[in-house]
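One chain, subunit A, links the two complexes that follow: it is found with subunit B in the first and with subunit C in the second.
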Partner chain A sequence: MRNSAVILLTVLFLVPSVEARAQPSFEQRRQRLIEVVAGERDRSFFTVTAKLVTGKDKEFAIQMLDSLTTDQSIGGMFYSYAAIGSYLRLRDQLPDSLKAKMRNSFRERTMYRGDTENHWVMYYTGLYLAAQTWPNEGRSQWYNGKSSDENFREAEEWLNLWFKTSSTIGQGEFDSPTYFITFITPVLTLYEFASDPVMKRRAQMMADLLFADFAVEHLNGNYCGGHSRDYPEDIMNPLSAPAALWAWLYFGEPQFELWQETRYRPRHRGGWETVFGAMSSYRLPEIIYSIATDRSTPYVHTETKRVRNIIRFGLEKNPPVYKYTYMTRHYALGSLQGGILQPIQQHTWDVTFASDKPYNTIFTLHPFYSGKELAMFFPEEQKFLSDEVDRYHKIYTNPNKWNSSSPFEQTFQHKNTILVLYNIDKGITHPHIDGFFPKNLDERSIDPSGWIFCRMGATYVAFYSLRPYEWIEEEINWRWRSFELMNCIVVEVGSSDEEGPFEQFKRNLQARSPALTGGGRNPTIEYTTRSGDHMKFTFNGPRLLNGKPVNFAEYKFFNGPYLHSERKSGVVTMTYKNHVRELDFDKATIKEWQKLQ
Partner chain B sequence: MAKTAVRASRIVAISVAVVSSLSLYAQRLEDGRRNYYAAVFLNRGHVSGGASSNIGLFKRMSSDTIWHNIYRPNLFTFGIGFWERGATRRYYIAGGNGLHRSTDEGRTWRVLTTWKTEEILSVALDPVDSSILYVATPFGVFKSTDDGSHWVRKMKGMKRWYVQRLVVDRTDRRKLYAAAEDDLYQTTDGGEHWRQLGVGVPGILSALQHPQQTAVLLVGTEDHGVRVTTDGGRTWSGGQNLPQTSFYALRSSSDGQALYAGGYRTGLWKSENLGRTWSLVSPAPNVEAIYSIFVHPDDPKHLLIGTCGQGVYESFDGGGSWKNIGLQGAHVKQIELYP
Partner chain C sequence: MDGLNRSSLWLTALVAVSLGSVDLYAQESTVYASVVSTKLFVVGAANPQTGLFSLRSSGDTTWQHTGPHNIRAFGMAVHTPSRGRLVCIASGNGVHKTTDAGTTWKITTGWEITEVLWVSIDPRTPEVMFCATPYGVYRTINGGTTWEEKTKGVQQRFTSSVVIDHSNSSTIYCSTEDGVYRSNDGAETWFRTGLNVGGVRVVVQHPKNADVLLAGTDDHGIYITRNGGKYWEKTEAGLDHSTFYSIAFDPQNPQTLYAGGYVTGVYKSTDGGVSWRRTNSGLTNLNIHSIAVDPTNGDRVFAGTQWGGVFRSDDGGSTWRSAGLSGSQVWAITVQPF
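Our next item is the complex of A and B:
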């Protein structure tokens, strides 16, 4: 017995780090990605760069790059940072004539700045690096009539402001499995090519922050919980989101190559931004890797973000967003507090299963739309905004959409339990609530107690609707739908780790029945969780946990076992075991140390 | 006596016809030196960040039938402005990338603003001093007194920050009106202080000062039709007969005899009594919305309307008949006649 204990201890110490265990290693993954992208044929700065870096299809790549510089039908912020990123990576091997054309792009093409946070990050990254690359040039040499110096200073000023805002009150387009790429790719490009060591350091810190922010809500390649914005396909099928490829590259999860997957490939066949990461000299700090992948102990993580810029119908430009995530090795349950925090693409809450299967999630929403909601954020006429948004997002006004913010939805989460209250005004165009239940759940049953029990792998979900509902069968999912204007959903999530067998989980819940009281504008739900916590939640009213109000104002910028930051401090501290990494955005310093045991 | 009267009236009629023809001839000559400028904000299907679209500042010579984009494609354009004194001419684009200015007839442009002002929804120019500029933005009014080199936010007295339009008073260049989210505001000190004029409804989308009777102001509102004051903003009333919907466009003939209004599914409306009562111009083009109206300064029967996604329509007979003259698909926010 004693011998086996010694052997076990020895094995524990000999086991290499989690990173080394994951196969293949980061270096192998990044090489693999560059090779794969170099073999692609779609026209983009990413594929061109990969081809020329590897020497594959050089002539074709040069032609493609040439066409990218002459095609006036493309332009704007997506073009700007990618073009200069390619140029700076490849300039030693480009013919002078092509280099001149690329320079000319910044003279003759309108690099449109756009109207979102991600647009501006891409735009000002492109402008900063272009002005740095071609300094001391006069106003006539730039598309916007400003000199190199003017452009450089403006871009530097805004980028520094964005770093400060993002590290003190959070991003507006936070935790987006799709838009993550539009932040991390320009930031890594900036890190790679900024000559100013302070800007380079800040870009490195911002990359750390973006990855750490992802890492605490990461599970097996999935970006879990509430998102500021995302597309329905990626919400229903989380590993189809572009962020999953970054998780594969940097976190080593999921452990399969996403581009081989039909769930990923059709949607993102041209989205090879990640190859800029693979070519970057940025290396993910080990501590972030550990935070992203160690799921040995369940934890609660909370965050504060900000609402995207409100231009009208509000009294505050960026009200806070409160996020709550409960993470285990089998599942994550995460939420935003509800209401309109983002137009069009908000994803307020979900359960995500750690599974290699597609459609590994359950969530509900109210499919709200309104021109006024859009006019809060866009300076266009509200009568037309819905139609205009529909032209691109296709489903904004669709009653069956799977992404939406709604003023009639609010949440209250405590660990692995969430209450979702709906209180929909009469006369609203889509007066129903929808829930997404994938068909590939291992089990889904409606219990006589009223609970809907679901299982995917080792994860169990119990779902209770206080008011009537119906099921609609669709291709990949069951659509749970309730036409009750006032309703509440109670969701309890567990796993074999916490509950033992699924039957035991069911038994623990069958006797529990939530109660909905009150009416009008203030319905109240009361519920005692299976772990004995009493939750009382009033729409537009307090959230009481065991009789004590939950005060969102006390939320930190980050608060959890791995990530901590006081709001507006600009200091973000990562902790993993005795390892600490501190980012001080004000001083532009990174410190690392080991805590004494 | 009667014959004399008839003869006299014929002479008058002939004289009127001759004058009218001469006027038209003179107008065409004059127009040969002037061009229509249209601010195209959006094209149907265009996505910010997507492929470039044919949006921006468009120019159409009066003798031409084609609109030419005189900037580059891909610039959301909310409004335009023009300043002229002697040989000095300045053109302005209020756009998504900022306030653009050209001093060489549109050949080159310089963005005068920075990240601090975000989108520019409209520009207002001091009629005397070209170095004084005002812009309306989603985050308030900004002013420059050094030709756009520096900008200062001017919001003292304003309760909300969204400002869609600015109008400089015709009699006092330090007096401006701001069409804001919650009201029409007025400043009498060049933007240093603003006071609410108490229109009575929120959502002021457009504003117009009568060219002669400057105490007459009109505002187009979100969902509450057009409201009018004849006493400089002390009292307001709703324009009669108008639908209670959103009015984006207001325009006056140069003599102020005719006022026009248009908006969301409204058709084109006309008032000949300072905005008190309105009648529908019929027939009007079957368009979803009117974003902008233009009345030719030399011929009040010559009208243009810019629509939301259905191009520009032109009438030479005061709205009796209309012809689509291009920019199909475009959201045309403003139409002007500039050199």
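Our next item is the complex of A and C:
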């Protein structure tokens, strides 16, 4: 874009005047979603708002809203943004007594701010809009003893800090199919109701950024690649993740209504947060829609994020996370570099199939847990943290869990090939590696060469384990398990587009295998891909591609054909064909222009 | 709560006037406990059975809640000279403060200060307060109107406790991830004392001899200094455990101390921390996070546990019984002489 050879079209203008036209079917989808949610009976601010916006079950909805307002079981951060979002959407039709009750709730109920990034976004969005809605009120009128003005300024300051951080070094809770809703929903609520045009613009830009970040790793409704946090059921069945419904609404994929199938029905806290998007005046820029849906050409996309705040046992507060994703129309292969990047729910790598079948993924992990890992991120006593986390996540210490970070797992990906190296310390509680292979693969065979060949639709996966393993049959999947402390997994992915018949893909791999060329404390693996690229990977050491070191320090904030940003620049550029959209977070400006071809 | 304070204030005043000594408080005192969470805790959901609770020491197990619920209340500080009118809670939301014994509260901190683990009020100048957070120590000199980060000289900032020297308010100690630090200039600058083991969880000061301090650590036991932190020695006699979150002096008889931590139950020392013995009879939860001795009656000791609520002893730790807040994670506890 900045290359002098590129001639800029003279059309260069500042947004907010840029409102990309609605996608052809977006209007229908959003109306459809509002209607569907309005017919739901589950008790949430989202269903209530849909009911009252459509005039459906009005009396029942008012009663439900009244009960939600006094429901102490809803955490402060979840309550605050959803309550004020409903209030601002519905205030013209609510009885005065209920409006007063909702206002009083911001005085009488304690709003816990929470201890994660998504909590704070929800909390401060709620506080910002509440303080804007009820200005000039004294300290006695707010739950925290601060005046409207104090609350507004504090919320504004933090939200601006979050925009800056997220647009320069990335989110800590990045690219989460589960937690996406806890960012996009408050951001769209802020966009919808912020009176300050600058805040409104920043919220619009943040929504653009969240959607663009999703779009580049989106495939048929799936949020692909490595994730900071995800629930196991969503990892195993990616279209059941809350982000999928947002993909359906804004990207038009998958092309079926997710809620029609029980396994894809939204379930997280009612799960109908997406209806706030459907009711929002925010419109997805066409360029993001195109980026999300055009998979005609395979591409590599890399980006940097940040580790969630490390509060002890680390020298750096937010070390970078390096993401690598290879996208095609049939599949995606994506990864984080490995190690502990996020406690509890990390998903380091996977293959995602562009299939309408459920369980359309393959991945491996080491089920690690430790109080010290948790204490890196939480202030409570490390001796108790594992138990405490297990009280609500249930699976943290479980040897069969399907989400985990591990200091004993590292990856090296090049296009559609990944090496996953495990080097587990002796004495670790769960000294095994697990792999998820869905039973509904069209084919799964163990080749005499040692390769495990799998096919789902037009996508082919070849999986090689350097060391012995076993299979465990489970309800929806085969669990591949290796008890080797040191092991290396090689995964090559292809499709009929690249390989022709599946048998050809197999033949291309049968003679290949990784080699352990360095042992000891930090093993070295070498492997030559079917494309002829030589990968050499040392645990806690260099990654060499055709003899040249991969330098993570050179990773951009975003880098790929569609999304580009230098780290810490605050400028994010989207490109699709000759269409360019630039978000400048420092200046709070959005520019769009077209390049001459 | 407020009514109790008023009556105890009159009683205290009467005793103080007639006997002319603040050491001769009435037998009645008030126990404060801060509850982080309970067994019912669900992330993101409200948890009303948390926050600050108080109990009359001669009373039963019925605790009164005061202040905000659902805040992940870690530490708290009660300003003794104001007889509990000034109280602060260190919580996930920041530092909450009341100046009217809990009738009204304000969060004095902004977004910058979070997950506050400890708060200390200077008893002589209550406008000066310190709080300990995972991001270091913060200080206010105007009662919380503004707070400033005070971490110059501190390497690993995770801080879990702050002590204001009772003999000199310019001397401050804090326990951090890489040892005990000391400041001689009111926290403007810090230097590490002779104790540089990892994971110091708490530091406490002898109530009369300001040079004597003890530190409880994660995995490294208990250390004692007798020269304001210059040299520390490990106190091991009788200790079969290594992780200690709480150490408490008997204010009337500082040769007597209690200590507790991870699966330790309660240890007692009667020789100033040189040797220890376990004293757990009746204690059904051995994970101790907080201990306090009644300043009006050294036989009365309270221990806050991890998800087991509060236990009390009325015989100097020989026997224990449940004192309520069952299922609670009691991060801090204090007994006040009013």
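We adopt the following convention: the second predicted complex is superposed on the first by the 567 of 597 C-alpha atoms of A that agree within 3 Å, B and C clash if a C-alpha of one lies under 4 Å from a C-alpha of the other, contacts with A are read in each partner's own complex, and residues count from 1 in each chain.
Just so we're on the same page, a contact is a pair of C-beta atoms (placed from the backbone, for glycine too) under 8 Å apart; a residue touches a chain by one contact, two chains touch by 3 or more.
Since we're looking at a predicted model, the values are computed, not measured.
Look at subunit A after the overlay: subunit B and subunit C clash there.
In the superposition on chain A, A:Ser73 makes contact with both subunit B and subunit C. Judged by the touch definition given at the top, the superposed model places A:Glu35 against neither subunit B nor subunit C.
Legend: residue contacts after superposition of the two complexes on their common chain; A:Glu257 is shown touching neither subunit B nor subunit C. Once the two complexes are laid over each other on the shared chain, residue contacts for A:Glu108 go to subunit B alone; subunit C is not touched.
When both complexes are overlaid on chain A, the residue A:Trp158 reaches subunit B and subunit C alike. Once chain A of one complex is fitted onto chain A of the other, the partner contacts of A:Glu137 are absent, as it touches neither subunit B nor subunit C. Annotation: subunit A residues 72-78, 109-110, 112-115, 119-120, 124, 139-140, 143-146, 154, 157-158, 161, 311-313, 379-384, 388, 391-392 touch subunit B in one complex and subunit C in the other. Subunit A contributes residues 72-78, 108-110, 112-116, 119-120, 124, 139-140, 143-146, 154, 157-158, 161, 309, 311-313, 317, 379-384, 388, 391-392 to its touches with subunit B in the complex. Touching subunit A in their complex are the following residues of subunit B: 41-42, 44-45, 47-52, 56, 71-76, 78, 96-98, 100, 108-111, 114-115, 119, 121, 138-139, 160-162, 164, 181, 205, 222, 246, 248, 264, 289, 291, 308-309, 331. The touching residues of subunit A, counted against subunit C in their complex, run 72-78, 109-110, 112-115, 119-120, 124, 139-140, 143-146, 154, 157-158, 161, 311-313, 379-384, 388, 391-393. Partner subunit A is touched in their complex by these residues of subunit C: 36-37, 39, 41-46, 48, 68-72, 74, 92-93, 96, 104-107, 110-111, 114-115, 117, 133-135, 156, 158, 177, 201, 218, 243, 245, 262, 287, 289, 306, 329.
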